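Encoded as structure tokens, the structure appears first; notes follow it.
For reference, chains read A, B, C and D in written order, and residue numbers begin at 1 within each chain.
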Amino acid sequence: MTHYILTLQCADRPGIVRSLAQGIVHANGNIIESAQFSDPITGQFCMRVRFECPDNSSKLVRKTIVSELMQYAPALNLRQAHVPRRALIMVSKHSHCLVDLLYRREIGDLAIDLPVIVSNHTDLGPIAERHGVPFFHIPVTPDTKPAAETRLRQLVSEYEIDAIVLARYMQVLSEPFCNDYFGHIINIHHSFLPGFKGANPYLRAYERGVKMIGATAHFVTVALDEGPIIEQDVVRVSHGKTPEELVALGRDVERVVLARAVNLYAEDRLQIAGARTVIFD
Amino acid sequence: MTHYILTLQCADRPGIVRSLAQGIVHANGNIIESAQFSDPITGQFCMRVRFECPDNSSKLVRKTIVSELMQYAPALNLRQAHVPRRALIMVSKHSHCLVDLLYRREIGDLAIDLPVIVSNHTDLGPIAERHGVPFFHIPVTPDTKPAAETRLRQLVSEYEIDAIVLARYMQVLSEPFCNDYFGHIINIHHSFLPGFKGANPYLRAYERGVKMIGATAHFVTVALDEGPIIEQDVVRVSHGKTPEELVALGRDVERVVLARAVNLYAEDRLQIAGARTVIFD
Amino acid sequence: MTHYILTLQCADRPGIVRSLAQGIVHANGNIIESAQFSDPITGQFCMRVRFECPDNSSKLVRKTIVSELMQYAPALNLRQAHVPRRALIMVSKHSHCLVDLLYRREIGDLAIDLPVIVSNHTDLGPIAERHGVPFFHIPVTPDTKPAAETRLRQLVSEYEIDAIVLARYMQVLSEPFCNDYFGHIINIHHSFLPGFKGANPYLRAYERGVKMIGATAHFVTVALDEGPIIEQDVVRVSHGKTPEELVALGRDVERVVLARAVNLYAEDRLQIAGARTVIFD
Amino acid sequence: MTHYILTLQCADRPGIVRSLAQGIVHANGNIIESAQFSDPITGQFCMRVRFECPDNSSKLVRKTIVSELMQYAPALNLRQAHVPRRALIMVSKHSHCLVDLLYRREIGDLAIDLPVIVSNHTDLGPIAERHGVPFFHIPVTPDTKPAAETRLRQLVSEYEIDAIVLARYMQVLSEPFCNDYFGHIINIHHSFLPGFKGANPYLRAYERGVKMIGATAHFVTVALDEGPIIEQDVVRVSHGKTPEELVALGRDVERVVLARAVNLYAEDRLQIAGARTVIFD
């Protein structure tokens, strides 16, 4: 039996679940997991189904199911569950998220392939090398940014990348790039958004005297730190912690939050509805 | 349109979701919320669906849906969402859970009716009175327990009670009572189970030097503090807290955990599968 | 033996602890609890000591201790621990924080007296009455605000109030009022500051799609929601929660965060150093 | 200026703080951080002070201070803050805690030296090698345990080890070993103690249906999983998580909890009072 993950989104109307269940039965499938959500803001119906099916041709299975759903004109994605998605990691100089993602992948905690790492610095090259992952140094200056992004697009294509994971990558991507890969660029921001958008969030958190600091994984959009939030978490801090200690405490939150977000993406548990995400966990 | 909540459990087999969706379509219903789980330990398929439907006869709607599901011999419950379930609260001398439940009910935070309060003491009678809820004092000694439970059963029947909520009720219910109302008695235990089962959990937590204390809402079974767990939460404590301060900190956890459990029950988001609960939140 | 709580703040220099310990020994006192902090931003030394002493004249004990500390020119406060501080509660129409504070005071969970309640509406009068606390209705319009604050100042004086607790009071206090009572007005804001300052934080949290909502207790200053933060907490939410459900979940956080802040104040565990608070917990 | 950390414990009596402050003044020291606790169960007075002092001879500084404290017969420890303590890590086959500790040490998040790793298996040797840390394979069978512990004692002595950190080491240490190094062996247990002591805690947590799983760092004593608790934390889980997923979620909690415990030890923020720990954080 082949396991499939199906996700769909369409304008909400009666009968979608029935039609989908019908389609899966026609494909001789058995539903293993199913979750749905009707978003009141956008009127979108979102659904994720995992099912098993004797047929191992995604194309045929898809055709059978789609024929039942045509009337709803859904954005529908179907894939075999055992083929992992592929993420390109981008980093600058901070290693904690990169090291964590690579370690999780090695022990089987991360359901996504990490075939390539890109950085605007060379510092983390040795970590990539140690884990046997190709590392590309693509420096970025205002002048070279277009060329850098062209190179990045080539790598995305060459390595058949699904998602770009900004694991503390300190450069802003261009508007066309953000738009072209919308829904497939995940960033970890080192604050509990919408607090402390932009630079130096830990220092600003320290100066503001907050009693908890946090991290936010979100989809990247043109508006900085404004994209749909995927996951957040916080940790309690006291007045006695220095800015450096906040940074250290924050690292633990950042790496866990980013790993959760990447895993949600890896398992198609993540949809965008308007300015928000729908999480099928 | 009438809103219905349907819950079902049966042995897991292919086609259940399709049949159910079919039944709801036959009843001219539209699914609003749906969640399911196949329990690997028991092999049970659990599902909860909320749907709207022009027909306001539960009996007819039920018949239409059941006719599609007969082959799965499900334990199926259907009810109209706007009719709240009804809970009888039992207390002894501690007021914090009772006061909290009554307050939540009054401001609309608790989706269950609280038509009657029972206690083995008279201390909390004035609180019941202040909120206009009938209060029955049913003292319990080893000798009078059978008679007390007979009286309790009468009240359950008379007030058409769905659930019995032990809001820090300090008596143990008899085996026949626990069995007869299995799945409908919710207790709040003042520890993070399975740690500190039984009496004086806060004192024992203090002496053991734990760094977090907790509370556990669970279904009551004959085995003390061993029933299926519904909800748990914890709060961080330090070595400097006295046992009395642990009790005070614990109160906040207890009342929140119990209220969440009662709300899960109230909205049929709670099923028992073997020794565990399935939560459709 | 009389228990004393001493707090002090002064420019940090060597020898303060020794001088203070010396002073307490001269007063025949024995230190029970002691905590200190040197704030790197302001250069202020902050300390809180609880000690017992056979002498029950605060004046004499103070004199003995101050004579040792004179050279540091400290802002020093000494009081007998068994005499509770006194708070005036201000509310508008939301009852959850008020009800919670009154309940905690009644069962001994709140170490502060609550002798008087003020509101710009009459809605919560019956709650005050039920608990036997004088309730003053002081309506506020742009025109009447000066008169309203004059009345408020009278009540503060008449009831010998130490702290003003804004338990979801929806009016902004004037600049002179904020300044005159700086360090003695505690507000609960229904967001995790600095996110969602100002009005309607839950709705904005919903629209932004955050994965956790929170509450913040802070000292009130002229700049809205910018005063030193005392305590914060959060609760996890999902995309499926409506704005109304966020409000309900937020209530639990608000009342706990405010109660903690009030208790910190009540026990002198709270100092202001620049834009931040120092918590001796 | 040299920074010193002083910890002391003695029977609680008036005047200790004064005498200590006096001693530090005599040593021309200035107190930077200070915390104390009088344990009501044992009657022990516990204190930790960090101070700076122009004299860089620990011996002389100690002598000056001790001369003031003699009458209290304290257990007193004084050391220079810039000299890190040294920990020997013991592991079996699970790598997550080891990898995390080594990474933290490398980026400066862990204030303790990790000069040597011991394992009863060879699996994690390559990780030690990659980080340049000597790795000793000391297999353990019932017959060879005495010899193995003799070898372990040699390494402790040879590498001038302060603490032994059991980073998921799956062997039980002998009674004499536990006793000789009491207060200096830290274990991470993969449950929220006292729940699920002993083997397979995640599987048992799964079967019991708990809604949160946790980890506990504690000092090792002869009674298995009964030693004084240093740090605990939990993570929320749902019915849908498999035992394997609980293991994966638990890893994140284990590594953070162990790192916190090791850092508390590294900075002398950790004292044992009876069956509990006192944490000066």
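The rule we apply is simple: contacts are C-beta pairs under 8 Å (C-beta built on N, C-alpha and C of every residue); 3 or more make two chains touch, one makes a residue touch a chain.
In this text, all values refer to a predicted model and were calculated from it rather than measured experimentally.
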From the C-alpha centres, identify the chain that is farthest from chain D. B
Of A-C and A-B, the pair with more C-beta contacts is A-C
Between chain B and chain A, distance of the C-alpha-averaged centres to the nearest whole Å: 37
Here the gap between chain A and chain C, centre to centre from mean Cα coordinates and rounded to Å, is 41
Multi-partner residues of chain B (at least 2 other chains): 238
Across the complex, what residues on chain A touch chain D? 95-96, 99, 103, 107, 109, 130, 238, 248, 251-252, 256, 281
Quick check: in the complex, which residue numbers of chain A touch chain B? 14-15, 17-18, 21-22, 24-25, 29-36, 38, 236
Which of the residues in chain D come into contact with chain B in the complex? 37, 39-41, 192-196, 207-212, 214, 228-234, 238-240, 242, 273, 275-279
